[in-house]
Amino acid sequence: MIPTLLGVAILVFFMLRVMPGDDVVEMMLRGEGADVPQHIIEAERIRLGLDQPVIMQFFSWMGGLLQGDLGTSMWTGRPVAYELGIRLELSLQVALMATVLAILIALPLGTLSAIFRNTWIDHIIRIVSIAGLAVPSFWLGMLIILFLLTVFRWIPPLTFTPFLEDPLKNLSQLIWPALAVGYRYSAVATRMTRSSILEVMQEDYIRTARAKGVYERLVVARHGMRNALLPVITVIGLEFAFLIGGLVVTEQVFSLNGIGRLFVQAVARGDYTMIQGLVLLVAVAFILVNFLIDLLYAAVDPRIRYS
Amino acid sequence: MTLTADLQTAGAETSSGRTTTPLLSIRNLHVHFVTSRGVVRAVEGISYDVRPGEVVAVVGESGCGKSVSALSVMRLLTKPTGRVVGGEIMFEDRDLLKLSEDEMREVRGEEIAMIFQEPMTSLNPVLPIGFQITETLFMHRTITKDKARARALELLKLVGIPDPERRLDQYPHQFSGGMRQRVMIAIALACDPKLIIADEPTTALDVTIQAQILQLMKDLSRRLNIAMVIITHNLGVVARYADRVNVMYAAKMAEQGTAEAIFARPRHPYTIGLLRSVPRLDKPRTSKLETIEGLPPNLLSPPQGCRFAERCRAKQDACIVEMPPLEAVEEGHLTACLRAREMAEKGFAAVGLARPEVKTIERKRIDRSKPLLELKNLKTHFHVSRGLGFLKGGRATVKAVDDVSFEVFRGETLGLVGESGCGKTTVGRTILRLEKATSGGILFDGQDMLGASAREMKKLRRRVQVIFQDPFSSLNPRMTIGQIIDEPMLVYGLQPNRKAARARTGELLLSVGLFDYMADRYPHELSGGQRQRVGIARALALEPEFIVCDEPVSALDVSIQAQIINILEDLQEEFGLTYLFIAHDLAVVRHISDRVAVMYLGRVMELAERDPLYDDPQHPYTKALLEAVPVPDPILEGQRSHQVLGGEVPSPLNPPKGCVFHTRCPLASEECKREVPQFREIKPNHYAACIKL
Amino acid sequence: MYKALVTTTMLAGLFALPVAATAEEPRHGGVLPFAVSAEPPNYDCHANTSFAFIHPVRPSYNTLLRFVPDSYPDIEGDLAESWDVSDDGLTYTFELREGVVFHDGSDFTSRDVKASYDRIRDPQDGAVSIRAAAYSDIESIETPDDHTVVINLSAPNAAMLAQFASPWDCIYSAEKLEEDPRWPERNIMGTGPFTFGDHVAGSHWVGERFEDYWDGDKPYLDGFRAIFTSGAPMVNALAGGEVLAEFRGHSPADRDRLVNSIGDSAVVQESAWACKLIVALNTEKPPFDDVRVRQALSLAVDRYAGAEHLQRIALVRHVGGLLRPGYELAASEEELEEMLGFSRDIEASRERARELLAEAGQENLSFTFVNRNIPMPYTPVGVFLIDQWRHIGLDVEHEQLETRLYQSALRGDDYEAGLDFHCDYMDEPNLQLIKYISSDRSTINYTGYNNAEIDELYERQSRALDIEERKSIIRDMEHIAMEEAYNIPTIWWHRIIVHHDQLRNWHVSPSHYLNQDLAEVWLAE
């Protein structure tokens, strides 16, 4: 985990410095085309330490990192950790809701699709899930908003209300982006569930269960689904990458103040420390999700638990 | 005589003369599989009976319909492709085919239980063993959890699983193959069924374990008076355990009768061919194996006449026109051959089934002065990590090959036998440098293979080739047969261009008994036996001197197996090849090898010339192995003592100290646990690793 | 009081039908939600340049003077009750309002004005004042008493009075500045109508009514909520009524969509905009060092036809020179038509352009045109220009870059030509003409072009206190700039604001930096 993060940190740091474009000071002071004297720019650069050699900047950043300090945003001057912190809850909630939504949609649909293979039920479910793969989440998001706007003359609230403060308001805001992101997620998981169950239902132990006289629905639920879950879990873990990608655009579409939108803003502003912090956060999130997936594996599959 | 009338007379009596009504009576069963390519007539009009307490075998090669008929009894055919289109399956007084789905569910597990071939995959990996046993009880009985558990415990004891209390809560992967099959038997026994159908119950198991399981099943069936249907391709198993035998060929019943009658007086050319094509441990190896040439017919469009006619040496014109009915040749012995009576009266030779001239193979003259391949104290160890993710507990070492030394001389075949996990395949892979040796040396023609540079290795690879077990997965499915065989020749520059290579490929295909036009086909268009021939042709393409044959026939049916063995022998003679023949089947190894090495847990236990080893085995393990192999002769089997070797092969992660075999050895004493026995010459040219000798 | 909409008023997509011109009694109460399509990095007026700063922050501050909301460019007192400028234009005396208090309850005095302007013109101890140069004529600031400020100039400056109405010149508390000159970067504490409520980074900003505000019963609002959102979501939020307004400007397409979906309660206010798009040519890079090539590029553009067509799809509309058409110092239509590139006879202009190219030996010139990848109004104008140049046989590649790359390209010396922009809070030539003075002296003239004559004319006009005199100097400068064609004006912007009818007494002006203190704004039921 540590070597991975270190690699990520080094990569992102130096990649940012070699990328072309104005730096954060230019963006902040001259971004609107204002006539700002060079000495002011230089003074700000010195204040932000941008006048130092890149390698020195790197070591001072790493020094802070080792003490758990992500540094300060070059744009807002506030600690990166603070900026991430205030946005994390929202993104986490959307990601979580999208995942839960995806699973809630995928498991029953995928199972139905597999059981009623090649019937009209299967066809409809497959059309829905293929559509999910084809439709980009931001486009679906725009459709959702336009639908709400034209039909209900209503759009979800713009500012975030924490779930514990007002669950209804919170959900009325976040359910839509979760849907937009979760749809693709669910589509992938539905397809995986379907093929996984189809595969599992061919397994010898399914035949064993039937030969024992187990009720067919128990054969599916008890013997089939649990075994079919493993590849589905894998896919859910892998798709988490797309989820984060989806969040970046979906948060724009829904104007959500989350990690994804901050990412776009930080890149547009050339806010290096912020981008670095964000990339590290995503890397940590990835590692954690994979760890969770491993744990889930172990929970579902005793072969992993006991080996 | 009509078919049914005949069967009724046959069904009225058992071999022991008791008269009882059959428990299970299959009458004129027809099963079709509807596939995209057409209707496969998997079972056509077969009938057989099973009486209470009786062991009935259904024998045949893969695809003959033996398993399908069994699954039809359970009504477990794959839906919606498989369907029973005719006949009846009477179980006691009910026709199982007429029961509702739920009534049938009640029969399954409660009255008829089934045991499947693959113990590794037949148990649900994510549910504890105890649950899988008690589930059957809960499905059929109103029973408390405690009582169910008590019953499960009792069952585990019954099937001989040590420490059953603890094992109830364990999962299938914590059991060895043999133990899992015992669990399957426990599940089958849970509700005291009247009938158990066992579909190839021991095929996936090692010989010593196979012997244990079959013994257990036979004992239980006797003790609990459960009738059994054993479906198998192994004639030895049939001979050892079955009361009556049904031989199936290409969806039809070929012959049925008592085991004694079938083995002693076979009256169907197919049965005769089967019995002759199996390498025998009980008979001296005098000639080549007799083979049944050709392939079984395609069941999408089976021939009009006798199904076997095309491959039959006793074929007459009538055979092609007319489907011979199943008729009695003697009491209780029915066969579907037009010439059965002729055969009975005048003998096999009269109908053209004489044994081919016994061609005594001249003893190969082998120069033993200089080995072609020499293994010196070879060790191949694997490091495996335990635990998951970054919670890895630690690393363990599997000593797959531990201090193995032997020599192979030019022109000979060294057989390498042992049960699964003994390291025989790793030895082969290490020689091919597919695995990295941990220490020791391999000399090929005097050249150090382990230290060879990449360029030297490329040259060596041409001289050392391999034939793998699974002919399907070892051929690239996206390449034609021609491309597969051309490729190595072009890579090594043995042929100047693709055209020349293709011409050579044609020759090679002919030399392994295929046709040159097959070069344009893809692997999936060929049968298993044909694919294995392609594998051999590919190996031959580089004109090697040495071929590692890694279980080359174990995935093949008996009749095909014989064909391949014969080809290997012919090629050896023709090209002066040297083989390292790795296999688990002792009879096959005996048949083909000049010398044989027996491995157990990474070590060679015994090594000798073939005949001394089989006739006078020294090491207790070799003795036990030979003892465990059933012989396809019920009379002989009846005389054998069946001293079943107990216990299991210990985990190679944690092999026993001292002699690795001491945990199962009948001769083992305290000192065996302390000392690793020296591999030494017991008699001239007969080596063994045992301190008791 | 009556409601006057500056240029055009539209109701629910129906042109004409001005909002009832009868005086309405302002209503107290309500929180105004509006959208801001960017977010300021910090809270310091003197160090910021974006409207994204003005919109949420300006309501918490006052300035010395301000532009009259409904009659730009007139000026009125904000914290100054009255003012007097000496005849020589060197002494500005401001009488300050009494009874004004800061949000923390402390009294506002002349000391605060002095401290704030000292910080603006000559920042100390790391404080940043971006516009210091514009105040370099100030020699000293005196505070004869608590409510009088005297500002002495070293030379007369025609722009100075209007500059005291700059929305950027927030008056800070002297006491706080003494404690820490950088205090305003992180804190909001002024005398303005709204106190700082909350700022959730990335999300929104809350202002609350300042109960002790000096101006009678103002402000009318209980507060405002500035929500940071942009692009399509912002338009959706406006359409859905989540916000009542966005004060920067919309494209014609968005206007029509908004009017359509808001329906009867949509109010559209439009105005010419003191923002321009300019073709910047890198005069240090051949062939753009050749004035003939540059002139050809200017001559080829049919600005009149362009304005007519582009105004339907882009937020540009007005044909003008160096100054916004309609501004009193800008060239009249007739004057403009005399200048290079502004002739109504486009065929003749293009003929001349071809000749010039031939003379320069650049008939088949092809180059890359750097543009900003923001659709409105950059893309359509860029496409328009390239099409115009195609008419004289030029092959131009359109390179649209993300803002960071775009700005760094223009500032670098490697680009060939680019579409530059310039906005300021007023039409004042001192600000607007900086784009055209020598690259040596202006950080926003990216052309590398230097011309002492132009710089001298610029200097002279800034000292000219007489309007007519100033006008004629500017015309001279404009002629030279047009002939030299290093920064070529194209079409001026047009500001379109759509808001809900519930928002009252907000007036559009030619600058999106102005009229944002929200003191007079109120919400109808």
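So that you can tell them apart, the chains are marked A, B and C in the order they are listed, and the count of residues begins at 1 in each.
Convention: a residue touches a chain if its C-beta (ideal position, glycine included) is under 8 Å from a C-beta of that chain, and two chains touch if they have at least 3 such contacts.
Quick caveat: nothing in here was measured; it's all calculated off a predicted structure.
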Exercise. Among line, ring, star, complete and other, which best matches the way these chains touch?
Worked result: line
Problem set entry | Contact-richer chain pair (by C-beta pairs counted) among A-C and A-B | A-C
Exercise. Taking each chain's centre as the mean position of its Cα atoms, how many Å separate subunit B from subunit C?
Worked result: 88
For this session: Go ahead and note the Å separation of the Cα centroids belonging to subunit A and subunit C.
Result: 39
Problem set entry | subunit A and subunit B: spacing of chain centres that average the CA atoms, whole Å | 51
For this session: Would you pick out the residues of subunit A that each touch at least 2 other chains?
Result: none
Exercise. Which of the residues in subunit A end up touching subunit C in this complex?
Worked result: 20-22, 26-38, 40, 43-44, 47, 75-78, 83, 86-87, 142, 145-146, 148-150, 153-155, 157-160, 252-255, 257, 261-262, 265, 268-270
For this session: Under the touch definition given earlier, write down the residues of subunit B that touch subunit A in their complex.
Result: 74, 76, 101, 105-110, 113-114, 116, 118, 121-128, 135-136, 139-140, 171, 173-174, 184, 187, 386-391
For this session: Spell out the residues on subunit C that touch subunit A in their complex, using ranges where they run on.
Result: 39, 41-42, 47, 49-51, 126, 128, 130, 132-133, 185-186, 200-204, 225, 227-234, 236-237, 239-243, 261, 402-405, 407-408, 411, 420-423, 434, 442-444
Exercise. What residues of subunit A sit close enough to touch subunit B in their complex?
Worked result: 1, 203-205, 207-216, 222-223, 226-227, 290-291, 294, 297-298, 300-304, 306-307
